[in-house]
Structures are given as structure tokens and as C-alpha cells.
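Consider the two complexes below, in which chain A is the common component and chain B and chain C are the respective partners.
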Partner chain A sequence: MVDSKHKWKAWLYLSPALVLLAIFTIYPIINTIRLAFLEDYNMMAAINGKVFEFGFKNFEKVVAYRGFTTCLKNTVLLCVLTVPISTILALLIAVALNSIGPLRRFLQTIYFLPYVTNSIAIGMVFAAMFNVVGNISAEPPLIVTAGIINNFLGLFGVEPINWINVGSPYWANMTVMVVYIVWNALPFKILILLGGLQSVNKQYYDAAKVDGTSRARVLRKITIPLLSPMIAYVVITGFIGGFKEYSSIVGVFGEGMGPGDNLALNTMVGYIYQSLEGQHQGRASAAALILFAIILAVTLINLQVSKKRVHY
Partner chain B sequence: MKVVLENLTKVFPSRNKKVGGEVTAVNDFTFEIPDGKLIGLLGPSGCGKSTTLYMISGLQKPTSGKIYFGEDDITALSPENRGVGLVFQNYALYPHMTVKQNILFPLQNLKGEDKLSKDEMLKRAYDAAKLVQIDELMDRKPSELSGGQQQRVAIARALVKMPRVLLLDEPLSNLDARLRLQTREEIRRIQRETQITTIFVTHDQEEAMSISDMIVVMKLGVLQQIGAPQDVYDSPENLFVAKFLGTPPINVFDGEVRDGKVYIGKDAILDAPGVPDQYVFVGVRPEGFELADDGALHCELRSVEVMGRDVSIVSANPAAHTPIIRSIVDADNKVDITASEVRFNLKPHKTFIFAKETITWSLGSEGKTVYKFDKHNQKLNAIVEGRTYDMGVLLTDEEIAKLEKQAQQSLNPVAKFFVKQGKKVLAAAQTKVAPLVNFIQNHIPEKPALTGEFTYKLAMGKNSEGNTLYFAGGVSDGKLVVTDDIANAINLHAEIVDGGYNVYYLDGETKVYPEISVENGENHEKRIFL
Partner chain C sequence: MAVKKNREVIMHERDIEKTSQLQIVKTVFGTFFRYLFLLIVAFVVLFPFYWMIISSLKSLPEYKLNVPTFWPQEVMWGNYAEAFTAANLGTLFKNTIIVGVVSTILSLVITILTAFVFARLEFKGKNILFAGLLATMMIPGELFTITNYEVVTRFGWMNTYTVLIVPFLVSVFYVYLLRQNFMQIPNELYLAAKVDGTSDLKYLWKVMIPLALPTIISITILKMMGAWNSYMWPRLVANDEAHRLITNGLRNAFTAASGETNFPVQMAAVALVSIPLFLVFIFFRKYIMKGVSRSGIKG
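Here is the complex of A and B:
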């Protein structure tokens, strides 16, 4: 314990962080809650001295907005698709990396590269890879040049698919986004799981070896249960990240959030940004609170589930 | 199942490829473990006993040599095909499984013909659990068990597949003292009931002595002695074994054999007919002392500790290796605690003598330095142009080990480098390690890398003018290296020629020193049987 005489010193050392937290985290949270309940709050009007009534109108407007269900559906769909895929892939890659000797450091670096790359830049690269230039809806389609993916599929005789350009179907857009998000999410998950694997006592594996345990059984019965705390962590943070999905879609489709700016892939965070741009700060705050409630609920469910599955 | 080890050797490559230097953890082991016995592999830490156990389990591959179970050569078999049960030091119970699941785990791995039905598996698991008396804990997780209970679960898991050989790595080291006593009896009982050949590793001599049918004493990867615990205790083959077994430990004295008698100081304590005159170590078990007013050995009385049944007499003798010597005599003996002197007769069957030989060199001619080992004073002298310089006392292996440990613990990279090389540093005195390391630091880096099994020995002392002198020598691949300059020691190489040694420099220049003679130190610390 700190001597009470010197307590002020402790507070002094803490103060820079506390001041910054207060300004940039605590105040905005409180203000967001306040704005969400001020009906039709608009910053310009507020500056002009308008007084807003207290009520739930912002929430009603958010829910009534016809794009809202699209946003919610896209957000949930992206989470449900990408989190399991990326977690399973990351687990397999981590186990593989952990078991190889010589090229491990090199491969570890390769797998980690997406983590240090700007997500908008990656999005643009993905856009180029999935791109089609020409008129795909003409009869017959007129393709001037196709992205690397279509060229690759062409080797197997697959007709060029309109992945992301104007008029592209929803499933194609979604496929691109799932591939992109999974790829982007892998490094962090591999890092966490690999760290977990390396801290597993090697004697468990020696014991399994003496007992003649097959590799598949070692993975299923020993590695995965022992990694369960890390897997739970990766899944929970994956869901939280998934619900905040926005910049990846901007990276591929631009701020129009869909082919031809049609908002077909709009997400919850996308909706919040758009509300802010339209000077509907009240509505944006309400949407933010709804998103927070969803994330909270999903995380609580996750924790509840993992209580049964996580050993320790 | 009989277990036979034949010339078993394990060499670990150096971690750092650039520095080189291999570590021989197990060196040319040959012994046979009879069927159905409990065997203790005993030795100080780092003596290769765990490595031996892991080679028997198949988790580690021997560098050379063979392992047989019965008549089958299993050297090349993978662990699961050997039929061994292994209990790890920290038990390695799967923390996420219940006791039952842990015990069932090896059975669920069985495939093909060996596959068991669910009922059979459960029966076997419960049988194993009953044997180790944990059948009431089957639904608990390992974290809910005490250390002793975890140990039993680990044994049950190893036994459930009915192994041919059961291996236990330091089975009692994680238990508290009371539990340790109880568990070792338990291991004895389980082994008796199952009749499975069981090999366990321990560094605790009492533990090994108390329950083993046979103990195997190891030191630095080399087998020292094998036999029934009482036999090994009663008749140690060398000083290491004598010192390692027994609590309180054996008392060791510097002694001498002269005219068919063994002397400690001026006291003739024992007859040694037919033994040539020489300096020796004399080891006397605490129970080997007999109080006698006219006893042969004179000691200075320090204190008397009454322990009921026995009396422990603490005394001192200038020839003893330890500041006090402890002797245990019957409580019927009355000791005059006011006396300053106590006299003992030594029981011949509790008194052992060991050879005291050290590798010595003498190098002469061409006006060079001659090194002579002064046997009487255990000192090394350097004779340069007729003048004798005191080079200091040569150290015993234990003292060298201590020095190595110090060097390892120090942050000096060169000291560490030196130790990593697997070299033995022999310094004149422990307090002089720092200047020695400095000297090495100044000379080693520019020199070519050392190769081969090079036992490097260094001695240091001051000459009459107060200058520090260094002596370095070693044996590499049967070749002798000797010089008064550590830097040169690396460049020097010598080989045996008729009756002497050819010493030549690695840079091509050869000089012949025919007078070099090497006194073999092979018998050092070996028992001289009377």
C-alpha cells in the first residue's frame, strides 16, 4: 500500500492517463447516451440555441429506417460467417506452424503481414483482384479485362463472375467480403493461438505419445481443450470486431457501401457514420447504443457458452 | 519383463552450433534389470538418469547402443509399440479431463485387434483405480486432487494398459515429506502386486535405498555401481558412491598407506597388508566408530548429541574433509563431555580406503618449464631453470563442478562460453576464478575454436616474485596438450610416441619433449579393497 502521505503522488502519476480518458472516452460515452435520448438532436440546431425534448424518438426512427434491417442483417451475417471460418483456419495454421521446424519464423512473418497492412489499402487490392472491366450484362458479355480471381477461375472454364462491380449479385459481394475479412482476421488469431500452443506443457504430448494417441485425437482431445481459453478469447474478440465491421467494406466498395453505391452491404457502423454525416447526431447515438446492446448481449452469451466449454 | 541396456549412449548436440561442444548425457551404459523387480536409478541432478529413463520409454532416441525388453530388441520401436507406462515428474494429467477420462485415455487409443469394448475399458480403468486406491475420486478433475492423489492417478493411467515395463520419473519429488514416505511404500506395494518391472528415477538416496530391489548409481552420465541397496552401501566401489549413499554421510579423511598400515595423520587406524605405499582417501561411516580409551584415532571433541537410541558424537580432525566428523555410537556408551579429546577405534567393515591419484604431467628439456606434481602436499610445482614455483593445489572433481557452476551463474560471457564448451576449469583456488576468467577473456577470443572431447584443465599460482603463473593441460582424443600458457594450450598438440610424447604446435612447428610422462589418474577415488 502507498503511504497516505504519498498518495497524491500516485494520483499525480495517474493523472495524464486519467485526464485523457476522461476527455476522450468517459465524456463521449456519457454524451452519446445523453444525445440518444434527446429527440431529433442536431448539432447545428443546438448551436443555434434549440432545446430538444427528452424521449425515445431517436430509437424509433433508427428501427423504422428501412435500411436498418439491411445493416443488421449484413452485420450479423458477416459475424456468423467469418468468426467460425477464421477461428478454425487460424487454429489449423497455428497447430501446423507449431509443429514445423526450419521455415517457422519465415512463415510466421508471412502470416503476420496482413496485421501490419492498412485495411483500406488491402481493400483496394482486393477490389482490383476481384475486378471486372467491361460490360458483363451485355449479350454476350463484353469483358475487356478481368481481375486475377476471374482470370484464375477462367483456367477451369468458369465464366467471369461480376464480384463487386455495378450490378453484381449480393452473394458475390458477400463472398468477397467474407474472404477479405477472414484473411484480415487471421494474423491476430494465429498469434494468440500460437502463443497458447507454445505455453502448453510438452509433457502432455509426450504422455499422449507413450500411449499411442493418433494425431487427430491429440488435436481433438488435448490441444483444443487446452487451448480453449485462447479460443474463447479469439471468438469473443472476433464477434466484437465483426459487429464493428465498416472499414473493410469501405476498402472494397468505397463509402457507397455496395456495388454502385447502393448501400447493399451497409453495416451498423456504416449507418452510424451516415447519420453523423447527415447531421443526425441523435439518431447516430441511438444506433450506437443499440449496437452496444447487441455486442453486450452476444458477448454475454459467448461467455456463458464458454463457461461450459473452457476448461480451467 | 527383463530390461537390458547395451552400450547405451546419448549425446546431445550443442544448442549453439557456432560454439559447438556436445554433451554426453549417458555414456556407454550396460546393465541388466531382472524381471519383476523395482529398480532405482540414482544420481545427482544432471547425471543422465532421466535421459536413460526417456530412452527406455522411447521418447528419446539413443545415439548408440541397444535396449532389449526380454529378448526383443526394441531400440528402434516408437514409444507406443514398446508397451511402457510412463509417469512424469509433474504427472502430466490432462487438466480438462476427469480422473476416469484420464485413466481411460490410453485404452481409447487402442485400435484394431486390441480395441476394447466400453465395458471392458471401464472395468480395466476401475481395476487400475482400485489398485492405487482412487476409485472414489473418478469424477474429479486433477485440479481438485492433492499431489499424492494426482500421483496415484498418473500411476493408474500408466498401469491401465498393462505395460511390460513401468517407468517413473522422480515420482516423489513433488510431494511433501510425509506424503513421500507414504507414497514410496505405496509404489512398493503396487509393484509387488502387479509384478511389473518398474524403473524409477530419483536423486534422493534414502528414497532409492528404502524401496528398491536394486539401485543403479550414476554420475555425469557414467554408471558408478549397480546392486542391492545394502550391498552398495556396505561395499562402495568408489568415493562418489560412498559419499552419495548414507545419512548422515560418510566421513572422509586424507590418509596414507605406509608399511602395510593405513594412517590418518599420525594415527595408524587399520592394517592394510600388501597395499603399496600411497596417499589415499579414508571413508568411515558414522556407525563405523567405536569409542575406546585407547582408540587409534584421536579427534577433538566438539559436542555430544543424545538421540535416545543412539548418541551422535561431533568431533574434529585436521585430516577430515569436513570441519566436523559425525559418529554414531550406542547410547550405552558414556562420553565424558568435558574432555577435549575423544578416541575411536574404526570398524574395518565400515572403513573404506580409496586411491588418491591425479593426472600429473612433467615436462622437461630445452630449458623449458618442468611441472612436477608434489604428491605429498597435493601441489603442483613448476620448475623453471632449476627454480621451483608453487602452482597451487589441484582441485577435486567436485570443486571443479562448483567452479563451473559459479562461472555459469556469473554474467561473464566468456566464462559461460567456456562452460558451454564442456571444458573443465581447474583453478588453483575458488577465490581466484575472477582473475582466471579475465585471463581467458584476454586470450581465448582470437584463438581457433576448440574441437573434440577436450578436457581443459587450468591451474594458477604465484611464483616467488609474486607474478601469476598459469598452467594448462588437457587430454584430447588420447593426445596430451600441455603448456604454461593458456593461449598456447590451444595451439599445442601432443601425441604418444615410444615411451614419451611428441608435442607439436598446430601451426606446423614440432618440438619433441621425450621426458614428458603421464601418471594415469584412472584409479582416482577408486576403492582399494583390503
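Here is the complex of A and C:
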């Protein structure tokens, strides 16, 4: 008797969550998969009663679309560049931070600051730092102020570079994005790796000290293996986040996703949103499924690699 | 013989002294370089914030000087007032706070109830249901957004507060986080309360919520920050003057405007959006860092 009353109550307490999840999480998974296979699905037309045929046209269109290759290339490039750079930097910072006494907590707090920011807002600050006021692509270039980064590089005799303005080269745009994304990704990675370091048993280090092992060797042979589960974790979450890169680019370049709104830095997620807003929901769904498949594959590869390398 | 042996011992001691001196020099250098490295990193981390603040206080002519100044010649507090009106920040703040507060409260109620059921109550299929919910966490949010966009259009929710609050009220991740915390509370307490005739809800309110308060605070802050930083969904479904949220408004205010950008005013607006986040961080650092280290998600 008590038990059945209990069950009834359990479902009552669960009902708000289950209703919301059913409508806004479970149904969308099924429906988005369905939309991906409805040829040229358009939401507005669907609401007006149009019926769509089943087929693979959406996927064909996504893959054939020239801009999609750019999106895929940009997304992969950003991942491949930012994940290793930010992981290695975070590891060095965490190890250094773990080995000092005074100022540790203070520095740790400072390093965490980029996490509690609005990626659009700070993207605009980075844009201001790299921005050249004037017309740098004119002949001869008209530079009112070159921006603080160019000023800094000027100290080493580097000519002002057109980082983000109209006519700027792809590598310069990419450099700005890599700098911004790494800056933004460090706090989380430092936090996790430092947490890992603090839970490492001190005995290993004492033993190494007795043996007179060099610092570099300690790092390679003790710290990294013991930290490998955390490293695997930040690499995997880094890749997942990297494949969904979007708002940091909007922060620096605006919705045009590139200098002069030329979409040169468009990403997979950017493509999905543009298709969605352009009333090509079928194509957006197909692209979202492709993105999901890529993330799943990369995560599985990462897990497979870490299974061989990670020492638990 | 005795003298010779003594000498050997002395030589050996000298050797030890030498190596230990070398050791000290090495340690001093090591510490020096470590601090140097860490301070350079701190400088790089802080520089954008510094640049944001000082740029926001310069006049436009000073901002455009060929050789940059590192401290404003004349502090222009007026930029902040101008930013406030130019970007219509008053309405944007109001909207964001309404959406943030309402969605956080509702989300907490639902999350606590759900976590309680999964942590304490028993019913058939509980574990399968919970595993199924966890599995949805792997799926990228864009996949949901596509269908939800259509669903809220059909519901007629476009350009309302409802559309900003309801669809993302339940976060499986927060349910998971809180359930883990609830599970650590000994079951004996619950059984004792049952014997005393305490109702489930009273037990939840009097015992479990106080004990899990740190986690609940973490969830509250992360959820509020999420509302403050959300960009894509609000842009898609509520981009009208009356309901626009802060992040969107900020980006729009300075891209839509034609003509020359007033950079100092733009930086002032950016600072106004960033400062509340810093304040929250200063006061709730511990909860934020704890929540983040267990989640790995932003907002």
C-alpha cells in the first residue's frame, strides 16, 4: 500500500521534468533526424500543410555546397590548432602553479577570470586590440592607429599587419581566432589539471628526489602519466567544444563570420544556424547530424587512444 | 693513515657542500623562472580586461592616437552614460534579469524534485530512465534547436519571455550533479524521518536542501551566468526590441550602426556587460570553480 502510493508520488514529482524533456529534448532528437531525410524541408511551408518527400537530397546538398567545405575546414583547423596549444600551455601553467608557494591562490584566481566572461563581449575587446583604424588595404595604406597588437609587434620592427579588417589574409584571421580561443579555453583546463596535480600522491615525487631525477624526467615519467586521465578529459571536452565553435567568431567578426562579412571563417554550427534562419530546416538538420557523427567519431577515437595511453 | 682518511672525509664533505650549493642555485633559478613564466601568463590573461577598461575611458581622438596611451589623459566617464543609451542597455539588462531570475527559480524547483526522485524514491524502470536521460547529454544542442525553433513557432511563442525561459528549464546535467550530492546523504536519515511520519517534501526541504546547499548555489550561479551569456537561442526566437537579451543587444548595437564606430563607447558597453560577471565571480568564486570543475560546460 505504502509502496504504490510512493510510486504515484515519484511520477508526480518527475512529471514537470519529464513533460519538458519529452517536448524539448526527446521529440527534437527524433524529429530532427526525420527532417534531415525530408527533401528540402521548409518549416513555414510545413506549417502551411506542405508534404515533403523522403530522401537523401539534404545531405547531398550540404556536402555539395561549396561554403560547407570552408566550414568544415575552419572547424577542423580551429580544433587541431587550439586543443593541443591550450592543453600544453595549461599543463605547463598547472605544473608551475603547483610547485610554488606564495601567490598561488592569487594567480589561480587570475587565470580563471577569462572563464567568467561573455564570449561575444570579450571577442569585441580582442577585435579592438587587433583592429586597424584607417584603411590598411589602400595603396598606400592609411593607418590612423594600428591597434595595440601591431604597436607591440612594432617594437620588434614588424610592419602593421591587417589582422581582421576588410582584405585581411586568412592566416591572420585564423591567428586572431586561435589566440582568442586559447585564451578563453585555458581557465577550465588549468582548473582541471591543477585539481589533478593536487591529488597526486607526494610519495612519487619524494622517491624521484631521492634518486636525483631531473625535473624534465619527473614531468615526463611521473606527472604526465599520473595526470593522464585529466589530460584525456580536457582533450575530449576540448574537441567537443572546438567542433561547436561559433560565438567566439561572432564576437570578433560579427555575424558575417569573416572580414567584411565574407563568411571566410564560417563554422559547422554557423552553417547550421544560417540554414535554419534561411528556412532550410532540412539542410540544417542534415548538417547537425553530420556534426553529431563527427563529434561522436572524434570522441570515440580519443577514448580509444586514451585507453592505450591513460594510466588509471 | 689516520690523517689521509681524515682528508678524504673532508674532501667528501666539500663535495657535498658544493653539490648542495649548486642545488640551491638551481632551485633559486628554477623558482625565478617559474614565477617569471607565471607572471607573464597573468599579464597576458589580464591585458584584454585592462585594455577594455582604459579604452572605455578615453576620448575618441585619444583612442585614435598613433602612439597609444596606457592611461587616459582625460577620464571620460561620460562614455558609460553614452553606452547605456546607445546600446539601450536599460531594457536589455531588465529583460536579461527577468529571464535569468524566473528561469533559475523554476529550474531549481524542477531540478531539486527530479534529483530527489532519482536519489531516494524507488520505482520500476528508474535506472533505465536515468541512463536514458544521461545519454541525451552527448547530443549537440544544435540538434534540439532546429526542432525547438519549429515547435515554439507552432506554439505561437515567438518574441515572448516564455520562449526564452521554458524550453531549456531542465538540464539533465544539473539533475545529475544534484542527484550525486543527494545520494551522499545517508539513507538512514530518510528512513528515520519516514518513521517519524515526516512527509517527503518536508524532509526534502528540512534536510536534503540544506545539506546540498553548496551544489544548489553552484547550479544557481551557473544558470544565471548562462542566461547572461546566451546568444543563439534568444537571437533566433526573441530578437525584437521588447525581449532582446544583453549579449544580442550588445553585438547588434555596434554592428547595425552605420558610419564610424565610437570605439571607447563600444568598450564601455562591453565593460558594463562584463562587470556584473566579475562581481558574481568575486563573491562566489568557490562555488563557481567547484561547479565548473565537475561540469566542463560553460553556463
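Operating definition for what follows: the second predicted complex is superposed on the first by the 292 of 312 C-alpha atoms of A that agree within 3 Å, B and C clash if a C-alpha of one lies under 4 Å from a C-alpha of the other, contacts with A are read in each partner's own complex, and residues count from 1 in each chain.
The criterion applied here is as follows: a residue touches a chain if its C-beta (ideal position, glycine included) is under 8 Å from a C-beta of that chain, and two chains touch if they have at least 3 such contacts.
On a predicted model such as this, the values are computed, not experimentally measured, just so you know.
Enquirer: Based on the superposed arrangement around chain A, label chain B with chain C as either clash or fit.
Expert: These partners fit in the superposed model.
Enquirer: Applying the document's definition of touch, where does A:305 land relative to chain B and chain C: first, second, both, or neither?
Expert: In the superposition, A:305 touches no partner, neither chain B nor chain C.
Enquirer: Using the superposition on chain A described above, determine whether A:237 touches chain B (first), chain C (second), both, or neither.
Expert: Touch status of A:237: second partner only.
Enquirer: For the overlay on chain A, what angle lies at chain A between chain B and chain C, C-alpha centres, nearest 10°?
Expert: 60
Enquirer: Is A:63 touching the first partner chain B, the second partner chain C, both, or neither of them?
Expert: Once the two structures are laid over each other on A, A:63 reaches no partner at all.
Enquirer: Just to be sure I read the superposition right, which of the two partners does A:225 touch: chain B = first, chain C = second, or both, or neither?
Expert: A:225: touches chain B, not chain C.
Enquirer: Touch test for A:201: chain B only (first), chain C only (second), both, or neither?
Expert: First partner only.
Enquirer: Does chain B (first) or chain C (second) touch A:213, or do both, or does neither?
Expert: first
Enquirer: Let me test your reading of the model: by the given contact rule, A:119 touches which partner, first (chain B), second (chain C), both or neither?
Expert: second
Enquirer: In the superposed arrangement, does chain B or chain C reach more residues of chain A?
Expert: C
Enquirer: Rounded to the nearest angstrom, what is the minimum C-alpha distance from chain B to chain C in the superposition?
Expert: 6
Enquirer: Which residues of chain A touch chain C in their complex?
Expert: Within the complex, chain A contacts chain C at residues 6-7, 9-11, 13-14, 16-17, 20-21, 23-29, 31-32, 35, 43, 46-47, 92-93, 96-97, 99-100, 103, 107, 109-122, 124-126, 128-129, 131, 133, 144-146, 148, 151, 183, 186, 188, 191-192, 195, 215, 233, 237, 243-244, 246-247, 250-251, 254-255, 269, 272-273, 276-277, 281, 284-285, 288-289, 291-292, 295-296.
Enquirer: Within the complex, which stretch of chain C touches chain A?
Expert: 30-31, 34-35, 37-38, 41-42, 44-46, 48-49, 51-52, 55, 63-68, 109-111, 113-114, 116-117, 121-124, 126, 133, 136, 138-151, 153-154, 166-170, 172, 175, 200, 225, 228-229, 231-232, 236, 246-247, 250-251, 254-255, 263, 266-267, 270, 273-274, 277-278, 280-281, 285, 288-289, 292-293, 296, 298
Enquirer: Going by the contact rule set out above, which residues of chain A touch chain B in the complex?
Expert: Residue list for chain A touching chain B: 201, 203-204, 206-207, 209-214, 217, 221-222, 225-226, 228, 311-312.
Enquirer: Please give the residue numbers of chain B that touch chain A in the complex, ascending.
Expert: The touching residues are 57-59, 78-81, 84-86, 88, 90, 92, 94-97, 105-106, 108-110, 143, 157, 161.
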